[in-house]
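Two complexes are shown next, each including chain A; its partner changes from chain B in the first to chain C in the second.
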Partner chain A sequence: MSLLAVTDLSIDYAQLGGATRAVTSASFSMGTGSSIGLVGESGSGKTTLALSLLGLLPANGRVASGEIHYADESVSQYSETQWRRLRWTKAALVFQGGMNALNPVRRIVDQIVEPMLVHGTETTKQAATQRAIELLARVGIPASRARDFPHEYSGGMRQRAGIAMALACKPQLLIADEPATAIDVVVQAQIIRLLAELRESLGLALLIITHDLGVVAQLCDDVIVMYASEIVESASVRGIFHNPKHPYTKQLLESVPRFSGMRGVGAGISGQPPSLTNPPTGCRFHPRCPSVFSPCATEHPPASRLADKHVVACHLYGHD
Partner chain B sequence: MVFARVRSSADGASSVSAVAGINLDILRGETLCLVGESGSGKTTTARAIGRLVAPTAGSIRIDDIDIAKLRGTRLRDFRRRVQFVFQDPFESLNPRQRIGDIVAEPLVVHQVLRTKSEIQDRVWKSLEECGLTPGRDYARRYPHELSGGQRQRVCIATAAILEPELLIADEPVSMLDVSVRSGIIRLLLSLRKVHQMTLLFVTHDLSLAWAIGDRVAVMYAGRLMELGSAEQVITEPKHPYTSALVTAIPEADPDQPLRPMNLVGEGASSTSITGCCFRLRCPYAQEVCATSVPPLADTGHGHLTACVRHAEISSGLPKIVMGTMAAEPLASEPGDSDRMTASDTTTR
Partner chain C sequence: MTTASRISSRIGQTVLTLFIVVTFNFWLFRLLPGNFTQLLSRAGALDPAAVASLKQSFGLDKSPVEQYVLYIKNLVTFNWGTSYVSHQPVFQMVFQALVNTIVLITVAYILTVIIGVALGVFAGRRAGRLADSVTVTTSLALWSVPTFWLGLVLVFIFSVWFVGLPVSGMTTYAATYSTPFDQVVDIGLHLILPTITLVISSIAQYTLIMRNSLVTVLDEDYVTTARAKGLSSRRVLWRHAVPNALLPTFTLTWLNIGIFLSTTLQVEVVFSWPGLGSLIFQSVNQRDYPVLEVSFLTIAVVVIAANLLNDLLYPLLDPRIARR
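After this line comes the complex of A and B, so read on.
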């Protein structure tokens, strides 16, 4: 049984003049200890999808259809009280950029203690404090800095503290939204290594939301590529990087400069990311796609399973 | 040939030096990438070269004239020769001006063209050169009607319309989506080639510097750590900091394992450490590193490094495994400018 299963999930944002679909019919599942990278550009729906897994959609967002299961429990109809019980203990979120996620006027250690007491994973303040200090040590912050305020921390330390806090109630799944953006490369490298090490030692499952393909290549087993609210391709990390199928995935990979490739800059992807309020007909990538042909503008491409894990939604594949 | 000569001297006594002791020549026609983490002083250096901040000590010379001394028409002439593209295309455009007026402003200010129709034609041409076709349509729009990539193209058109000799691009793609970044980079490289500009490219992304730079300068805590050709600096780093930066970058290849990190701590905030400003984080630091600020020493073939121990340690520094390398950087590939226009935006 999988840890998390998402089936045919669609999410709408209510807006003036109607709803905008930010996630369209997304399906995927995660096993214990697995690691998935959710890749897409801004506006592709990746963050919305991640937030919905914790019942954290903004007030104008709602799950329009589909199911989210944790183990065998459906959470789609959860009340806020039920979500509160699930958050932190089953799955926890590591926010992008530590500063906004931490309360600036409370000491770090007290902020980590809070979820443990609220969720009852520790019963006394003393025990919770003890565990908070251990967690901080676990992510590389010495006990002498536990009583600091967030502003006394560097950006990298704040990100570490955010990770320690997410671990407070022993969740099985960590959802990290751009965990390594907005920090410097050296610190980013340290955070990536920390997440890899925690996953290994704690058996954590990781859902990494990022636009950085390097982070995905180094940290994830599987990759989901989103474009304009839809999952366009999903495969093992090697399948995506060595044998990408969808023209969008291919071009995205070519857009990233890398040391082991040729010097120079790839052509990138022509055109602009589409608007979700008025998405292109047929395949949403067709106005930018170099391989566009007759059905692309009118017919929506169905998902075809090419190999065990490799699924792609593109008219180039799956028609026999 | 040296285009600009940067000489900054030692730290001021009572103030924080964002940049200290930088000696750097920018060669005419090159793409020089200035690389560093946030707070390394790369932006300050670039802004000083463009005379947006004044050095407290030292000088920046173009054609052997100290730019700090320029006044009046000569300063105006300097501004025409050196133009900027900034990081944030959402904040660097006036939201209440039409694109056409934004791009025309340098022509008006510098009185390059006088009649309205000349200016209009030149603006449309410049917009189209930057991939905003048809120019007359874009000229009528306001910044909020454009995407981030298109806005950055407007910023580039505005900077390039005077055909400056030096274009300073400060993190021009870091705010943009991955898929539109390469289009912007290719635009800058193609403009550089067509108008024979010198390009000073400021970035935190060493893999980008590898992709486009003729030479790479690595900064840390306001000082220059290493300078050389892109091949020298990235494949054969002589400074422990450069080596750490290179190994820190997550390679977009699942078969390359996470490289070990031997760097402790983060971000350099202070230039007040005695000796080498990097020594507290450096795994190779010894007593000698604390005695004096290491000079930028030539290790041969124009490869400079500011590490007193480079001769002993550089052969043992962690390096990355390189894949196939093109002999020439993209800028000199044949047919590049053709592909440039092909990758442009909008209509299909």
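After this line comes the complex of A and C, so read on.
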């Protein structure tokens, strides 16, 4: 039984003149203590997917079809009250860089204590405060700084405080949206190490949403690549990095600047990410794809399983 | 900078501002057209000797610079002169008027801010929906109404159609009260219409600022965090969104005291409220410089004090300012 299972999930945003599909038929599952990286360009639907897991879609967003299961419980019929109980206790969010994820006018410790009291993780303010201070210590923030306001923290401390806050109600899953973006590389490395260490010691599952393949390589077992609202490839980290199949994944990997040799800036991917209001026909990547051939413009590529964990949606594969 | 040195430097600035205002205030009245002795002479032919003696008794025969020095000296020694017209001490006249104005403005301003902010929260959390559009449109429409006109319409309505509420003054004319409580009730009744006028015509700014500020704040990551933590929507709104959204409104509240005061002065004239507005109106008509000078200075002091209070109180709401 998996911790989280997403089956054929599609999410629409209502807009003037019709709906825009931000996530199309996404399926994946996560076991206890597993770690998945969700990779894609801005606007590929990865944050929408993450928010939908906690029922936090904006007012104009809705799940059009598909299912989300926590353990074996479906959340598709959840009321707002049921969602509230699920949030932070089953899965918690860590936001980008922690920059604005903390309320600027409330003390850090109070912000960590709050969900514990609301969810009954701790019953007294004293016990909750005690635990909040322990959590802060765990992420490397001394008790003397617990009563600070967010602006008194450095970017890295804010991100660590965000992680401590996410642990408040002992969730089994941490969803981290760009956890290492907008902070400098040294601190980035500390955050990544911290997440890896927490995963190890608490048996946390991690869903890491990022466009930084380096973060994925260090933190994740498996990778899901999204392009224009669709999952185009999923595989183990090894599979993605050493044996990428989808032309988009290949180009994404080639776009990463490397230190070896005089390659300069990575090649990048020509063209623009497609509009989701009016996506390209057939394979959504075909207008930018170097290997485009006859069926790509008209037929939507089916997902084909190439190896145990390696699934790719591309006409180049699975037609044998 | 420590809190103490921040406060003392802020108070230093305030004193400097006050000095500039006092200077400006003095020269302003010397540059205005019309003069007091001419106004008196219009009542009848005044012979030059009488004019000269009048000028002398008010110190108007001296050079402007001498008058200025004397003015500053009198100001700091609380020797604020007597009215050209009523010959009462200016201090006493302005003080009584100020107290009456404070009664009106306090009640009206507190109501304006509370109702304005409440409507702003109401509209902001329903942004884009019908209730929001109706609130915004209505408050803009009311804001566009000239205050004195609204006051006159209310005076008309309540003196012709619904007689009952007092439309003029602060107390019933020649009333005797058996208990102080009766007096308070009487003043309260007289407060109703001017207060309604002020609230209706000033509420829109607070509603709009609060609404827009809340809409922006509701989009912030920390509000999503608060929702993600499983907090109720009420708690998200009142504990996380509103305290942040209040910050611009708080500043507006203090900075706007000057504007609200000037609106109040108009309303006082319409409703014959015996406050600073009525006093200034009357003194302008009579070229009663000493009264005007002190009245204007009083207004300036009120506005400067409001700014000072804003700066001193803001850190209590926003910790980001506190320790800078």
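Note that in this section the second predicted complex is superposed on the first by the 314 of 320 C-alpha atoms of A that agree within 3 Å, B and C clash if a C-alpha of one lies under 4 Å from a C-alpha of the other, contacts with A are read in each partner's own complex, and residues count from 1 in each chain.
Here is the rule we go by: contacts are C-beta pairs under 8 Å (C-beta built on N, C-alpha and C of every residue); 3 or more make two chains touch, one makes a residue touch a chain.
Predicted model only: the values in this text are computed from it and were never measured.
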item: Superposition on chain A - do chain B and chain C clash or fit; value: fit
item: Partner chain(s) touched by A:Gly271 [first = chain B, second = chain C, both, neither]; value: first
item: Which partner, chain B or chain C, touches more chain A residues; value: B
item: First (chain B), second (chain C), both or neither touched by A:Leu117; value: neither
item: First, second, both or neither for A:Gln188, with chain B first and chain C second; value: first
item: Partner chain in contact with A:Ala92 - chain B first, chain C second, else both or neither; value: second
item: Which of chain B and chain C A:Gly155 touches, first, second, both or neither; value: first
item: First (chain B), second (chain C), both or neither touched by A:Asp212; value: first
item: Contacts of A:Ala196 with chain B and chain C, given as first, second, both or neither; value: first
item: Shortest CA-CA distance in Å separating chain B from chain C in the superposed model; value: 15
item: Overlap of the chain B and chain C footprints on chain A, listed as residue numbers; value: none
item: Residues of chain A defined as touching chain B within the complex; value: 41-42, 154-157, 180, 184-190, 192-193, 196, 211-219, 237-238, 241-242, 251-273, 287-288
item: Residue numbers on chain C that touch chain A, as the complex places them; value: 220-222, 224-233, 235, 239-240, 243-244, 247, 317-320, 323
item: Of all residues in chain B, those that touch chain A in their complex; value: 37-38, 147, 149-150, 177-183, 185-186, 189, 204-208, 210-212, 230, 234, 244-256, 258, 261, 263, 266-267, 320-326, 328-330, 333, 339, 342-346, 348
item: Touching residues (chain side chain A, partner chain C) in the complex; value: 51, 54, 56, 80, 83-89, 92-93, 95-96, 99-106, 114-115, 118-119, 149, 151-152, 162, 165, 168-169
